[in-house]
Amino acid sequence: MVYLTRSEHFNAAHKLYNPAWSYEKNEEVFGKCANENWHGHNYELLVTVKGQPSPDTGFVFDVKKLSNIIKEHIIEKIDHQNLNLDVEIMRGKMCSTENLAMAIWQELVQRLPAGVQLHAIKLYETPRIYVEYFGE
Amino acid sequence: MVYLTRSEHFNAAHKLYNPAWSYEKNEEVFGKCANENWHGHNYELLVTVKGQPSPDTGFVFDVKKLSNIIKEHIIEKIDHQNLNLDVEIMRGKMCSTENLAMAIWQELVQRLPAGVQLHAIKLYETPRIYVEYFGE
Amino acid sequence: MVYLTRSEHFNAAHKLYNPAWSYEKNEEVFGKCANENWHGHNYELLVTVKGQPSPDTGFVFDVKKLSNIIKEHIIEKIDHQNLNLDVEIMRGKMCSTENLAMAIWQELVQRLPAGVQLHAIKLYETPRIYVEYFGE
Amino acid sequence: MVYLTRSEHFNAAHKLYNPAWSYEKNEEVFGKCANENWHGHNYELLVTVKGQPSPDTGFVFDVKKLSNIIKEHIIEKIDHQNLNLDVEIMRGKMCSTENLAMAIWQELVQRLPAGVQLHAIKLYETPRIYVEYFGE
Amino acid sequence: MVYLTRSEHFNAAHKLYNPAWSYEKNEEVFGKCANENWHGHNYELLVTVKGQPSPDTGFVFDVKKLSNIIKEHIIEKIDHQNLNLDVEIMRGKMCSTENLAMAIWQELVQRLPAGVQLHAIKLYETPRIYVEYFGE
Amino acid sequence: MVYLTRSEHFNAAHKLYNPAWSYEKNEEVFGKCANENWHGHNYELLVTVKGQPSPDTGFVFDVKKLSNIIKEHIIEKIDHQNLNLDVEIMRGKMCSTENLAMAIWQELVQRLPAGVQLHAIKLYETPRIYVEYFGE
């Protein structure tokens, strides 16, 4: 079993705001992240797949195809968007990096061909904060 | 003359949108950056000052004080804000990285003590795009 | 289960020196790292916690609180210190990066609230050398 | 159990080309990577070992010795070489990063002393593509 | 005057070999870099332009257009190529990073629109070696 | 004129302490940096030279020779040392990064062959703080 990782980049606006709470409660819990006028990030997304290298190619999976899958199903739908308003996979969810990583997993896990397993989503919100999700 | 640089971090939402233009013209010129629901970035700000090292301290300027000046006058007013809506120094300006770097220069150049000159503002919008401004 | 990581920075002086050995034996085993006048590093500390994201916040744990815990219990006690002379959690231990990572684990594991588990300590001694500890 | 990682650097030329296939099939599968005149990369190699820190040294393994083992058995034989033509451990194999990581594992696993286990090979082909191999 | 920089990536094979010299002289001067079977690098290319920000857009130059110019005139012709054999702008030249940076300048300087000046080419051969060229 | 930069790494212990001042004054001015038990850093040193590329080699200067000059005259004398106690070029000076960069310039400027000029010393004290010196 070999693990292959591809990193892609997107940026987006979001806010952390629970509509079931008062404005004051949101301010208290989320601080500056609750700013009603939004803030944003450059996200760095690392997608790891695993499998047996093919004897014909030496590849677990063609990294160009992996890049294209990530771009088609994630980047094109999230990049330069507002996570709370524009992004289908975050509809009705708190726009935390944790929830975004899980939503990206759900979207990508069904897009990989037989013989290639999704292993991990690693998502940087800033260079000093990241989350990882392994599907369970 | 020795040059001293301190890097600080902030993130913000913005859009590129010229109100004198039609929606279509904005879309044509700015593409995804014109998204009316905003997008955002992690900005990395590098501030360079220059001067003669003090014989007493060996410092051009105390880098802790430089950091505090940047935080008080820039980071606290921009971090987790919307550049178009919330940020005084960008009022009435296109929220490009070029204009933001120039506005940061104007704000900081007046905050440094005698003997220390502002030399450069370097502002990363993404890890692959940055602008520099030297005050003229 | 989602994993959340926060990175913090500190720097410190140390030496590698086993007092049960002769000066010559220390030189032989630790080379330049045994320099009796000390050397030092910029350490980068990555702390990973794991848990279920809260339905209310989308957070495994508030990363600002995680940062504050790391700063209060680790950074304030280690930053700009001498690991051999000044740092309580290294008292009587060889000041290797391995032992420092384990000591940081012991200190932090008791500081996290219910529902949040410490998963990993990753500690860079230089950009090209790091250790990881998972508590067992 | 503590994990210790050392990063080393090499660069090399290679191509992805399956001699059992036609030129056209190679072009179709490998695209630009099949360029018969070769292309190349700066590879970043991270080697992780694990073990119990020694009470005498605080080390899982002397990182200087680990560096020397990697340099003697891998870097000196691969750096500035052509992976397809010059490198013994890739003889008769497709020169994918997956296969190179596995070959480096096979070479290093037999070079470590008792009490130190090889845990992982992580190999960056570009800053945005890497593979990992854990020996099984 | 504001300076705008865009970074792009390519990789290539090359060797350093002066055909006017003997094999032994090439070995003596270029060492491993003279390997007749080639070696290669991931190059990071930073292109800096300068100008006055437009009042309409806030841009010195549309960074997306700058990226497209670099990709069309440089990356598509160099990426995954052999600098000595495949690359028109290096024909008849020693394939040093110095010469490659100068050739990239010559190619790009004629591609920019009025009002935008090319300021610098910065070219990383490895993360620890780079050259800069300012056109004179 | 082309500029060539080589980056090298060292680490060292130091403190900021002016012996002409009282302990209290040192604490007030230098804060944690005055810790009498020392602290330390991983320094990253970038040395830039400039010149005309040789028609025979394409080089401004052989980067391997530049690396060897830096290692022989700087790294071997500073790495794993105490800047205040062990390092000849800092004798009698405040051990600020500014003064260290200037001392490195003085040491290297006399070591380069004819036709190669020293252009800049850039010295990182931490990833977020650096100084530059151009010799005047």
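Residue numbering begins at 1 within each chain, and the chains themselves are lettered A, B, C, D, E and F in the order written.
Going forward, contacts are C-beta pairs under 8 Å (C-beta built on N, C-alpha and C of every residue); 3 or more make two chains touch, one makes a residue touch a chain.
Computed from a predicted model, the values in this text were never measured in an experiment.
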item	value
Steps needed, at minimum, to go from chain B to chain E via contacts	1
Labels of chains that are neighbours to chain D and to chain F	C, E
Angle, in degrees to the nearest 5, of the Cα rotation that carries chain C onto chain E	180
Which of E-F and D-E has more C-beta pairs touching across its chains	D-E
Copy pair chain A, chain B: interface residue numbering same or different (half cut)	same
Identity of the chain that, by mean CA position, is farthest from chain A	F
Pair from A-B, E-F or C-F with over half of its contact pairs in common with B-E	E-F
Distance between chain centroids, defined by C-alpha means - chain C, chain D (Å)	29
Mean-CA-position distance for chain D and chain B (Å)	41
Between chain A and chain E, centroid-to-centroid distance (C-alpha), Å	33
Interface hub residues of chain D, defined as touching at least two other chains	127
Chains touching one another, given as label pairs in label order	A-B, A-C, A-D, B-E, B-F, C-D, C-F, D-E, E-F
In the complex with chain A, residue positions of chain B that touch it	9, 11-14, 32-33, 35, 37-42, 79-82, 85-86, 126-127
Contacting residues of chain B [partner chain F, same complex]	1-8, 48, 53, 55-60, 62-64
Touch list for chain E against partner chain F, complex	16, 18, 20-21, 29-31, 93-96, 98-99, 101-102, 127-134, 136
